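Two complexes follow with subunit A in common, the first pairing it with subunit B and the second with subunit C.
Entry: the complex of A and B
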């Protein structure tokens, strides 16, 4: 048995990811997979493929897994095809997900505790309505998607080498991945898991398009390409669902890790190692660190896409020049050599550098045209289910992997409530609510699009709120019809 | 004192005073419709029905509650001859159901001191930046190779001990999954025979419940909008809305196993959520109440309805007696005691599905000219007797008048239970009934005695006289006679009859074109008003859909951690508005064509109209004896 590390830090807020090995006084969050298939003869603990935290006593693990199974079985009494998705208890919430047949993932998140004083003694009270189901079940689903992106399906691992291989892969992946989850700061954006697109004029877009065509032509082993600027997507050859999770990886893990040299500009240590290469700013974010070192290893992360049908295994090459990043994906059967990397660097590097500054210039012009940004009277989140486009003026993605919302958490939770109400029916709806803090929150759902607005003014009435939102729709989404 | 009653744990309710309930009545506010049915939000308060007895003031007022022999009297749907306070029913001993052993949660922990498996940590694998989880290595040189030999050696030992635990655990989990599996098996057609209850018990059951058995294996059973189950802590069925309790006893056994499993970990199960339905658990020792709902209601609202069911059971047994029974015998089959009352519970559930009273936690009044209501109230007030605590006149599920003893307040929940009792049986029409009843929010440890009769055969006007004295039937019956006499003398009978002809008003009277329906609740009085539900909400499912929308707004407005002041909802078929203040709650339904500006104007107009009509729609001057 092996363990990783993940705890929701509802209480102590500070610090990074959870520390493995640190026993929490109250329930730690647990993260486990189980496989109810081979029940009777094999014994229950064999079914546990991964359990975090591993320090938990064996029979407690078994009890907890047994409870999940019992809950799922019990609900089949009432709906054989749609078993339980979550369990609410006084102390925690448990989320169930069956990503592949007979493989279950369970995540337990502790309810926040507040300390109250009664007769001079501290009394701990669980706040049972603080966690949002949709947020955490989405987080759980993304855990699987991310695992699958880098490891392929559970079933494939079983075919490759049985339970042992699967357990190893799970351990290796989740041990590290769980530490990157920041459960306490998850919110509506985690439900959408959308893609932020970079707004662009036609001319520049065509330039990028032709750049990609030229690159795919010259580097003929490239199977798929994706192009991002400023952490926002411009073009992708991948299927939507694969791109969605790859985008999440790039923007929450890979890019933030390489941010510092970026900010340091050309004096960064990486650039210093490549003195001969002054004609462009291109560099590899994955793969070789120093192209001049003949012993450098050209190792790229492997990703798995189209797992439902063609099941493709690819090498992921991420190359960046200034704010522009290109992902080249090549078939895993062709190992990328140092020669190839050098060729890529020499072709892509200069052109991408030029392109990046073109985009930057164009972007600044557009910004000037749209006028100086005043402090807007509202903040919003927009999501389109059809193309996964997402836009938020609430979040500032400044720190790696954590997206910080700039509004009060209660307001964010109201957005989450509205979102879960929207998803219950398939109809267009709009809802305007006034919170106890006197802030107004607006949710609109139209066709496949959702828009959430928080107004900064307090002393306004419903009609004024409506006017503000109309204005917002007119300026930001003028070509989208919203139910009025 | 009421609090003492519980400590005695006796069958008898001592001959003491029934102090009034919550003590909430101390905080009365100056509303136009003051304290008639007092209370704030209906009881989401926790657990113990034990109450603070109010200080000496009230104790002098009445000597309530004569000794109550075992069991409660049967309903005396009596002949006009009158009183029939019959003795106990069905409280015999023995006859324990052989079907289900109580699921006891055995201690599964074999030993606390497990050998620490060496090398089970993961330090060896921590060679990659913790923030990166993509696999940069090929399988050969991956972390698998990095595992230390000790680690591998550790595995066999670990496995053997695991084997042991799994054995231990399997005993426990039989109760969990095992039962669920059994149940699945049972559900499969052709295999029913295996777990079929013995013919005897089955027959007994069908006689007792008197409702047709529903096949719990069918989709139709699964797809009911709301299932409700009540079970004892021994996992024994007490009530099931659909399907016989016998056929569902294993399902209920699983429910109890889930409840006790989490309680063994000092936790408590609240609810299970799945696509399209939720399962909500409410624990009120010694009972467990479970609902499986496919409605849009929130978890809290469903739990609230389950509490009503709990109070309904208390109203038949009292909390004291219920506890005593299970202290005596843990696996007592409570159905024998509740025999015949399923109908009342069924009716309560049906009522909650379409009457907003329960959602609002308030009572609706029959619209009546103030002069007529005053005449009725003072007639009621004058027809008093020493043992009378409440005199209630009602029509349908609307209140006509309520007179109470000074300092005694009736909680809306208690009043709803009384309304439900009356509406669930037509036999009250046939004469005078004299029945013991517990008003759980008022005092959950003792019985009152209710005199129930209809004023005239054809008229939907029911008089309810609540007395503290079991022996007082004739006195109370005389009160009724006196009341009717005064009513006649005052000559309001005609006006009353006239009012009963139109028990609901039309929303058209308000004169706002886009207004379809509304609910206005005055918080301080616990009363609400609402017009008749009209087109387009004609079909039963449309009516329920409208109530569902109100439930939705209500649950959002009253969310325990994120309450809201205003909600404006725009849907494809209607627009709704909710407005919650300290003094009132307003829910309005508009046609989908209206604008928001129109909606605001309509609210202002509506509030003016309600103010103008308030003496007709509410009881502004409640009477006391």
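Entry: the complex of A and C
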């Protein structure tokens, strides 16, 4: 059983944090999990594989787990294939997810609280309709995907060493991972869990292709390669679903961690001591820190891909030069040596440095030609289910790992509601919502694509809003088949 | 009319191969029995032509002459009294005739077109004989321009120069005169349509300061040849003991029509001894008699540039000319005899420009040929190999086989080598396309009349286009499936990258090859990404191919529709695709969006709506067309021409007669 705690949109003034009456707990939310086949022979406690926060008293853990189990079992009676996904209570929302047969993950998220004053006394009011089911159930699914990326399936852990190993792996992974979840800022983008692609002209793209192919040839143990620029994907040799979660890891965890030293000006990447005057900006984001130190460790994170199929275990080598990052994935049975790392550095470093500046130059030229330098007049989110392409002019990067919406949370919630409506039907739809204070929210679904637009114009009517959105589609999406 | 014959004092007449012929170094005094020093058997890249001209070998009664202009061999028996036989490489029918023996013939040749025969018997005069049909064959003697109808010659121009020796190059109509005491100042003249123009003279740098004032530049060490369309004077500079050069070298002087002659290239021979020069297929061939090998130089290949001249090393290791078997003549009954191997690099060989080798003692005239297949294995550097091959006349099939070879085991090339080769091919391909394009533009704009020099660009064998690559290399390579698919795809993408780099529009069959390969290996996500970045350019055939993939890869549907949309000429196709998926409303909205809804067939949409088995959809579509009818004709009902009776009946059945739209009257 995995359990985690999360606190969304704390409106009670932030810092204080505690749930009324539970001041001792800094993190007021929980995760619950079931592993039903263990029920008969072992006690409920045995079924808990992971519970966060761990300080919760044993009986309460058991009680909470029991409740979840009961709800899932109960709802299964009505819908054997689709048991309950979430439970709404006054204080919490609970989300259930069965990623592998008989393994359940549960996440409890507390409803936001408003502090009101009645007769001079503070009164807390739970906002029961604020949280969006789809957002947090997506977050829960991503928790699993991320765990699986670095640890393989639960079942594999059980096969490797039984419950003990699984528990260890869960503890090790989630202990750190849960701290990185920024549940307050989760929104529609978490539902999509999309990939932002770097816009690029054909010729530069082909050059990158050529580079990747040549690198895979020279470093022949490389099985897959992914190429990113400016934290946006350009090429993935991995399958889409694996890339989706790897992309999330890279952009929300690995890259931000390495951003700060770069910004601080430390870790000056030019290494003039390279033999053969191959000056370049390449460096490892995973693996060895100093190639000149013979004792340096060449340990790379292991990742698991194609778990439904070939179940491959790989070393993840992330190498970066300026804004261009390459992920080389090599079979886990071949441990990368220092010699290999040096070879990689000497081959990839100089070429990637040149390529990175080529991309930068070409990108600026293209931007000038298309006139895209102007600030986008529209606030929109675009997502294509087919290639997971995602684009948002609503979100801004506030800290390296969190991107925040630049619009009012109420508008974000409307977007989420429209998205829920879309997911209920297969057909193309269009929804236009008049929101508060001159805001209009438009949602369009065409085939596998979704577009959400937020407009803020005084005294406009439905027809004018429709015209505006048409204009947006004509300028931003004229190269795709998007029904108007 | 070529009137140069006999104008200048003839060269020193030599007994067996006189006058017009000169040996460029391969002197006859060396013995024939020299061992072949270190000649490897394989890889002979030079060969004598298979069908040589055979003539009666030189002997005391039979004199043999060669005319460089017409490339004809003259066998003159007993001063012509017992017969003259003229044979050329091209013309297979020998000309034979008799003429009066008026003394020893020093030189004999035909005018262009074999119309007039010129015979030199004395130092100062030339005899002429008309070979024009129906014209009396009487000899006449004169010294200048020939007027056959008057049987006289005319003086063109008179130049007074002290001349040591002369050399005439028929290809370029340039005559070179050796002047000054040392003989190293050369004065060229250029003949064109009966006029003679003096070009600026130039000096050949002699290897060392001559000790005495005697003739130091021999005509044996000078040759003239056209290389890559430019006339060069080739000077064989022998190794001098005083200078510390490592061996002899050939110095090339570029002789332009206008401007001065400049020393441009030095070909390093790295050896000493007796040499002879040929120029074949724009390559300078240097034969070395001592080692019985030859080397070749290509002045277009990269050399060491010292600011004014480029120094070249030989392209390939020295090799002997391919062994040659002399066919045994005689009746068929005796031909079972083994053919006799021909003595190569014999001292009786005489070499003429550009590519002629004559064996006077055996009675053969060959043209020298360069064989490209052996070169493939001798030049390891594929980039250099391509540079070399692309300049050769008969290069196409060899280049294509090199491409095939580098894609398959055991000699599979690395991707960067493959990329280099593709780039070199496409560079040549692009040059041709550009020339062709600017030619077409000039012709279309009607500017061609004002520019009579404009010629349609010639497509040489070095132009290897996409269809060549597809047919001979890429489709074969992908079908063999020997290589790992990663490599196959990398090669295809590399070729596409190279084409793009040279801004050559990629043909859709190459994209189809990529798609086919990706699909075969279930690499749909890769395909998706290529399409996403428009690496596989939009076209209707490609969109249709994608549509056909929908059943195995559903996103292909979206990709295909996007492509059709971008083409903007495929609106009908979009409607068909949507209708086939029963997305009738979407189809209608699309056609309305582009303003084509007034001309579409109502029946087609109603058919699709009915097949969708969605009554509300049918109602909506039906109503739309009723409204259209109302708008266009003032009446909502369908005309018989629209063939919608069946749908009207169905509509009434389902929704009742009263649901039909009432005509509105104004």
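In the analysis below, the second predicted complex is superposed on the first by the 428 of 484 C-alpha atoms of A that agree within 3 Å, B and C clash if a C-alpha of one lies under 4 Å from a C-alpha of the other, contacts with A are read in each partner's own complex, and residues count from 1 in each chain.
The criterion applied here is as follows: a residue touches a chain if its C-beta (ideal position, glycine included) is under 8 Å from a C-beta of that chain, and two chains touch if they have at least 3 such contacts.
Predicted, not measured: the structure shown is a model, and the values here were computed from it.
**Student:** Using the overlay on subunit A, decide if subunit B and subunit C clash or can fit next to each other.
**Tutor:** These partners fit in the superposed model.
**Student:** One more residue to check, A:83. First (subunit B), second (subunit C), both or neither?
**Tutor:** A:83: touches subunit B, not subunit C.
**Student:** Looking at the overlay, does A:98 come into contact with subunit B only (first), subunit C only (second), both, or neither?
**Tutor:** In the superposed model, A:98 contacts neither subunit B nor subunit C.
**Student:** Where does A:331 make contact in the superposed view: on subunit B (first), on subunit C (second), on both, or on neither?
**Tutor:** Neither partner.
**Student:** Figure out whether A:216 sits in contact with subunit B (first) or subunit C (second), or with both, or with neither.
**Tutor:** The answer is second: A:216 touches subunit C but not subunit B.
**Student:** Which partner reaches more residues of subunit A, subunit B or subunit C?
**Tutor:** Partner with more touched residues of subunit A: B.
**Student:** Between the centres of subunit B and subunit C, viewed from subunit A's Cα centre, what angle do you get? Round it to the nearest 10 degrees, please.
**Tutor:** With subunit A as the vertex, the angle is 130 degrees.
**Student:** Using the superposition on chain A described above, determine whether A:205 touches subunit B (first), subunit C (second), both, or neither.
**Tutor:** Second partner only, subunit C.
**Student:** So in the superposed three-chain picture, is A:436 touching just subunit B, just subunit C, both, or none of them (first/second/both/neither)?
**Tutor:** Only subunit B is touched by A:436; subunit C is not.
**Student:** I'd like to know which partner A:240 touches here: subunit B for first, subunit C for second, both or neither.
**Tutor:** The answer is second: A:240 touches subunit C but not subunit B.
**Student:** Looking at A:428, would you say it contacts subunit B, subunit C, both, or neither? Reply first, second, both or neither.
**Tutor:** both
**Student:** Which value in Å is the smallest Cα separation between subunit B and subunit C when the structures are fitted on chain A?
**Tutor:** Minimum C-alpha separation, subunit B to subunit C, in the superposed model is 6 Å.
**Student:** Find the residues of subunit A that appear in the contact set with subunit B and again in the contact set with subunit C.
**Tutor:** The answer is residues 428, 483-484 of subunit A.
**Student:** Show which residues of subunit B lie in contact with subunit A when the two form their complex.
**Tutor:** Touch residues, subunit B against subunit A: 108-110, 112, 114, 117, 120-122, 125, 128-138, 142-144, 158, 161-163, 165-170, 172-173, 176-177, 180-181, 183-184, 187, 222, 227, 251, 254-255, 257-258, 261-262, 267-277, 279, 292, 296, 299, 552, 556, 559-572, 596-597, 599-600.
**Student:** Could you pull out which subunit C residues touch subunit A in their complex?
**Tutor:** 414-416, 419, 486-487, 490, 493-494, 496-497, 500-501, 525-526, 528-529, 532-535, 537, 555, 557-559, 561-562, 564-566, 574, 586, 589-590, 593
**Student:** For a test of understanding, state which residues of subunit A touch subunit B in their complex under the given definition.
**Tutor:** 1-4, 17, 20-21, 43-46, 54, 57-59, 62-63, 66-67, 69-71, 73-79, 82-92, 127-130, 133, 146, 150-151, 168, 171-173, 175-177, 179-180, 249, 253-254, 256-257, 286, 299-303, 316, 400-401, 410, 413-414, 417, 421, 424, 427-436, 438, 461-463, 466, 483-484
**Student:** Spell out the part of subunit A that touches subunit C in their complex, as residue ranges.
**Tutor:** Subunit A reaches subunit C through residues 197, 200, 202-203, 205-207, 209-210, 213-214, 216-217, 235-237, 239-240, 384, 386-387, 389, 428, 447-449, 479-481, 483-484.
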